[in-house]
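Chain lettering (A, B, C and D) follows the sequence in which the chains are written, and residue indices restart at 1 in each chain.
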Amino acid sequence: MSMIHEECGVFGVMTPQPENLAHLTYCGLFALQHRGQEGCGMTVNDDGVFTTHKDLGLAEHVFTPQVLSGFPAGTMAVGHTRYGTTGGNQRRNCQPMEVNHRKGKMSLVHNGNLSNAAALRSELEQRGAIFHSTSDTEIIAYIITQARLRTGSIEEAVRLAVSELEGAFSMLVMSAQKLIAVRDPHGFRPLCIGTLPGGGYVFASESCALTAVGAAFLRDVEPGEMIVVTQDGRMCADRQLVQTQPKTLCVFEYIYFARPDSVLDGVSVHAARKAAGRMLAAAHPADADIVIGVPDSGLDAALGFAEASGIPYGIGLIKNKYIGRTFIAPTQNERVSAVRLKLSPIRETVAGRRVVLIDDSIVRGTTSRRIVSLLRDAGAAEIHMRISAPPFLHPCYYGTDIDSEENLIACHHTVPEIAEMIGADSLGFLPIDALPQLAGSRQICTACFTGQYPTATDRAESRSRFERKLHAAEN
Amino acid sequence: MSMIHEECGVFGVMTPQPENLAHLTYCGLFALQHRGQEGCGMTVNDDGVFTTHKDLGLAEHVFTPQVLSGFPAGTMAVGHTRYGTTGGNQRRNCQPMEVNHRKGKMSLVHNGNLSNAAALRSELEQRGAIFHSTSDTEIIAYIITQARLRTGSIEEAVRLAVSELEGAFSMLVMSAQKLIAVRDPHGFRPLCIGTLPGGGYVFASESCALTAVGAAFLRDVEPGEMIVVTQDGRMCADRQLVQTQPKTLCVFEYIYFARPDSVLDGVSVHAARKAAGRMLAAAHPADADIVIGVPDSGLDAALGFAEASGIPYGIGLIKNKYIGRTFIAPTQNERVSAVRLKLSPIRETVAGRRVVLIDDSIVRGTTSRRIVSLLRDAGAAEIHMRISAPPFLHPCYYGTDIDSEENLIACHHTVPEIAEMIGADSLGFLPIDALPQLAGSRQICTACFTGQYPTATDRAESRSRFERKLHAAEN
Amino acid sequence: MSMIHEECGVFGVMTPQPENLAHLTYCGLFALQHRGQEGCGMTVNDDGVFTTHKDLGLAEHVFTPQVLSGFPAGTMAVGHTRYGTTGGNQRRNCQPMEVNHRKGKMSLVHNGNLSNAAALRSELEQRGAIFHSTSDTEIIAYIITQARLRTGSIEEAVRLAVSELEGAFSMLVMSAQKLIAVRDPHGFRPLCIGTLPGGGYVFASESCALTAVGAAFLRDVEPGEMIVVTQDGRMCADRQLVQTQPKTLCVFEYIYFARPDSVLDGVSVHAARKAAGRMLAAAHPADADIVIGVPDSGLDAALGFAEASGIPYGIGLIKNKYIGRTFIAPTQNERVSAVRLKLSPIRETVAGRRVVLIDDSIVRGTTSRRIVSLLRDAGAAEIHMRISAPPFLHPCYYGTDIDSEENLIACHHTVPEIAEMIGADSLGFLPIDALPQLAGSRQICTACFTGQYPTATDRAESRSRFERKLHAAEN
Amino acid sequence: MSMIHEECGVFGVMTPQPENLAHLTYCGLFALQHRGQEGCGMTVNDDGVFTTHKDLGLAEHVFTPQVLSGFPAGTMAVGHTRYGTTGGNQRRNCQPMEVNHRKGKMSLVHNGNLSNAAALRSELEQRGAIFHSTSDTEIIAYIITQARLRTGSIEEAVRLAVSELEGAFSMLVMSAQKLIAVRDPHGFRPLCIGTLPGGGYVFASESCALTAVGAAFLRDVEPGEMIVVTQDGRMCADRQLVQTQPKTLCVFEYIYFARPDSVLDGVSVHAARKAAGRMLAAAHPADADIVIGVPDSGLDAALGFAEASGIPYGIGLIKNKYIGRTFIAPTQNERVSAVRLKLSPIRETVAGRRVVLIDDSIVRGTTSRRIVSLLRDAGAAEIHMRISAPPFLHPCYYGTDIDSEENLIACHHTVPEIAEMIGADSLGFLPIDALPQLAGSRQICTACFTGQYPTATDRAESRSRFERKLHAAEN
């Protein structure tokens, strides 16, 4: 429903003995599917022989039993789920990016956006580089492999390369012998490490993927840290990879992107959302009979709001669980019914009642208006909408696809205006000053709400222009 | 998760002017998808010309934009979602069943099982009938069309035919000019009628499908009633179709099958489930810190249990929303992780707490054991499992696919034994005498719990043997 | 290229011991693919348990390795290739037709058209029969199964049923224990029997399918004959099935339908085509430098023409072997290039030469005009077109899909007019009186050229009207 | 049947106004499908915006109507058909190779193999290049784009790049504004240019693709020549691209690869094959009754043999036209019947006769033995096999996939031994000294028969080792 997406989930594994890592990685990607539904892929490393398969589509469709059985056993693997738009042309942007270079093979998976991508790409092209894709990942692959020519090991090459990168990157680099995890100095995107019962390590964007494969959570990869695991089972961490920066995990990981059962940088996503609901109740109380959430991501905050306000929690909207990524309301004319097919009100819960309705965001306002209308049709007496995030006002350069400012309703209208446009009796957003409390007083990146960017903005602007150029050329 | 399924959802529509009914029916089937994921189909009636498409698969996959655009506009349509097993051979059992007969064309959709199917089929075969499928629907089609030879109208033929049928049937019969809805005298399976804003009628197994297509709920089709709508927009009801019987809607419609936003025979499914939770709290209280439900069907009862007990409601298990019907854990060996991929605990909610866990049924016990184990791993201090239905003890002859008695854990073990087998600290089932209260003191069929069948059991037994024979021949 | 098609090839096999008959039948269907590319199917009989798979598409696409491996081993099987038009709705017309009846199971495959289908269907409907398809095969299935109720064995039922059928039918009936082959009294469509090296029998529409599966040709099934093979390996023939009729195999089997390596009723198809070419050379000699055929079906006659005339045989047109059934020239506008994509001239052979061009038929004239034009562009000095059949003038009621008279160029134009329309310097058709000599002086059905129908034409006419009605109702 | 393959066909087009070039290119690729069935692709250039689609599979399957309609109109396009093995991993090796570089976009299609690929790749890697594929095409793309940094135009960059390449390359380079064709100095692989009726140019590996799209043959691109066509319709040729070399088109283009309706370097392929047949008749006469060819590539030579020997030409083997690339005889055990499914004898032609059987090659001998056996079963009295090429004895480094020496029957056995092994009464190969006469006394590359390589062999050897390494790493 929301029009905000993030680019990607990453997963990696190293085991002491060859195993069916394609299956294990598939399970991990399946748990990270919410971070990207456009495409997915994996590379399995069988003693230096790399086997890669990637395609557009959900993990379940790309990794059929037949495809999975085509992978050899191996001792390392990396995998990726990619967010995105449709379009057959974009298969080349899927990851992992497996490349051959002077010193062997490398396969790379990456979550985040570089804010200096345009400048880096331009420098590489000056030196004769050619690009097969429009992704930042290919830029990173070049920089690492070029650094590799001047260094004695892949980890030194990665360290050298990282000093050239700006922006958001949580990535895994797999060479013939090593698996390396790196997180940018700000830690915009999450990354954690776990251990397998029989030995071996697992890396994943979110802890829920560790749980899915039966791994025990060890710790988060720290911002600015590089962790190297080697075939003999050793794990080396280098926390002084680059100079220290303010640590600023993206606030939207807690509000919307991550799965509620994940724990990011020590904070439970479910708990953060409940906290948002509680703070929302404090900031924008409502005189109401029932609190309901928009499934799935509004439910945790609704429970928090209910607990803090003392208003009973109810189940007021049902989501059709068969709504798939490819669901299309067949014609333009009939598109009005898309929300109706996806969400359905429970009259028993809302009829004749004053309802507090919790959602995680308002982007254009269209969806909110339709949900409010559904509830009115089901007999709701009053609808008090509460949003578990502040209004979006600024673009994101670190891997979140927030709609252009023209489409952001909050850029053009006051809160009362929006309330009227969506048909709610009242409307309240989470106050900006409540954000730090979501994450246990940690620093977080709130640029999309505040416009305060942790990295240089001139780069960011040039990137934006550069991206528009790239996309124009593609379409 | 549960191994209990029902066979089918039905949908029908009549409009005063030709419209894109394929799209409308698709939306209706999409809302009824939970009643059957094996296959689906529809027939659109364009002034007597029938166009049928049906196949194995979800509505979204069977009715691609290309397929939908191949349907003509029409003034009537019927559609069907079918529950079932996998297997390419079974495409012939998909509905609607479109047949040509002496007096024209007829397309039939049906939900339920006949308890005298074997006898009827045998009699028809004696007279030379041949069968292309193993479905009851083909038997009904024969009986109606044979009756049509002796009567002056399709509705008379349906009335005659219905007097020969025993068991459960909620069905729609579409001829060139009329759309007829019939519900068996017991009303085992639900069926309701709604009106479209611009005129026209909609029939559906559940009211949620009316909501999905923007129709207003008019009323339930009564047990033993036949409703005929004609091209000129008239609606005739005949409530004396057959002699009165005790009305006994299947209790499992409330407990498990139906969508919580549906209202069946005047009772909200969501409300019935909350009521089950409340009665469960009264019958089997627990000394605990938090109440959680197994998503999706345990959530309503969990809320009821929380309200009645005063123990806070929590979100303790997350369901991976990308789990599809075709999801397969790649190898036997790895199947242990299937529950783990589907459900994930929220440690924040359960760690160190005494948890009341609500689910709708225990069939074999395997799934319950794994869920309990997941919660223990996440730190739950105690787990008190409560089931919002009594234990299954008897087979169903009316369209519900309850596993064979050998596999029903409750047939072989006491409640304390089961509690131990699944690893719960305590276990409680909904008492049988609470069942009538679920549905506002209405009569309901509880044969699967009590063994008291509303129709003759000798027939039922013969049916069971007959079905086994049929299936043996097929496989 | 030609717009004339026949409906279907049939294949059947019985072995003493259970074998992988799905594979064997697949090989047989593959050899009969030229007789029908719309759809195909097979039923394998494993000791009374029937497994059927059928779908639209070529054998290679319908019977994937996965599908084939899903069939059990068996001792009997029947298969079918079906000619036809496109359209998802028509899957129900694919064969075999597997039905359940009073006395068990039966699977039926059939090649030909009944000329009294409308009357038979009407009588069956009077007695309450319902039809799932528009195919004659379903009519035959009804008649046999109804006869079965009054008789003591399946072969008696088939004998009784056959006496009611008029028109063309070469068919195989498989019951739990027996495999029965029947050919209509006129023998319009071919059918032969062979023996497998290790014991067992094979039936096929053409001998080429026997060769494909390594069976030795035994003999043709005679017109009006029924052959029964039983599980114990006995073969019983009944040549007095129905009263004797003039034997009239369809002449188009020799001219166009059958594969040149097949031998039908004792006459080699290749030899018949060469004979047509020789007679054509005698009837319409040409003063020319080279004789070329339109591949594939004009090549044999071209060789015969060359031998009889003394003009050298050449290879003048190449057919693109990647042209598939699904090949579509993307837009209407570009359709002009379809012939060009399919056929390409060899300039070396035709440039500056007077060319005799042999094809098997002219239907609308469009294709011929384009081929003539291709050859002119490649430098041919003169083009003398010779057709190895007489002009089409009359519809066929026995299973051949000749275009409607409005589209038959020969119904509206003289030979010189046609020559001018297609751009040929001269044009000659095979004389009607030469036809009997094609087949070694046997009687053949030449109704499409002569209008002399071997069966009653009033029936035929009624059928034609009936079919139009059926198709109208379908579309 | 033959186990010898070539890598690729190329196609390019430039039109004065934007047109549906996707369709035109599809038609061209369809005509070049015989040069590669593994995969195909195309890039359409719409005023500098490139749209590329490529995948494994035949053109008909990759370029569905839906895919074709997704391409914009354009004024330039390049396309490619690729020979190869199966395997989902290899999609990355499909062409065109579209890359982004400092000076814009480039799309490249290439036919042939570089003999100094290993050395070039190594040098590029030294300078930091990364490789996404194992194809020579990516090497060429790098060299051109690096040269582009030092030059003022794409054609200068191509000229510079070509001086570094050794071996076989017929390629098309498309930039935003220009379409450039280059053929290596030896002219190992064919390439020609034609003109479209309404203006514009077409390039293709074989003239048959010009015919397919309605273009007129203009001339061959000369060995060592570069032709540049620009958006304004000018065509510039540069025949002094590199220093003159002996012109040596691959002899196998005439014997096997090319379509008989193509004219390569002024010589008709059909004529060359007939000439081979005539010379074979002179070198290895036979006392026989009939001459037959193995379809499709043996038919032209059979006609030549018949003409030269005076023995009648016959049609003795029929090829099943439904044999597709994906046809798989389902199990290992049954693979014996693969030849039988593909080829079928005409008994009428061969029974009781002394047969001369013409094929284009013997690789392992297995296929020949089975064909001989088929003909014996059909009654052939004697079989005199004649091969329209000399025996293979040496590997090819220029793009032909001849089996390893261990599998080449002629490396281990004398001609009489081979005759005995395949069961022929006599056997004769085309003498090596007859080869030059095939192509009108032109020089041709005959290295696979003679071991005399036109380029340095040490490079070739290193390449061979390099390739084995690459493939090992991939599998």
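Definition applied: contacts are C-beta pairs under 8 Å (C-beta built on N, C-alpha and C of every residue); 3 or more make two chains touch, one makes a residue touch a chain.
Just so you know, these numbers come straight off a predicted model, no measurement behind them.
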item: Of all other chains, the one whose Cα centre sits farthest from chain C; value: A
item: Same-interface partner of B-C, chosen from the options C-D, A-D or A-B, over half of the pairs matching; value: A-D
item: Chain centre separation in whole Å, for chain D relative to chain B (CA means); value: 60
item: Whole-Å separation of chain centres (CA-atom averages), chain A against chain D; value: 47
item: Rounded Å distance, chain A centre to chain B centre (Cα mean); value: 37
item: Sites on chain C at which at least two other chains make contact; value: none
item: In contact (per the touch rule at the top): chain pairs; value: A-B, A-D, B-C, C-D
item: Chain A to chain B touching residues, read off their complex; value: 20, 23, 26-27, 30-31, 33-34, 37, 58-60, 65, 68-69, 208, 211-214, 259-261, 263, 268, 270-271, 296, 299-300, 303, 307, 312-315, 318, 320-322, 324, 326-328, 330-331, 334, 337, 340-341, 344-349
item: Residues of chain A touching chain D in the complex; value: 48-53, 67, 70, 88-89, 97-102, 105, 125-132, 134, 141-142, 145-146, 149, 472-475
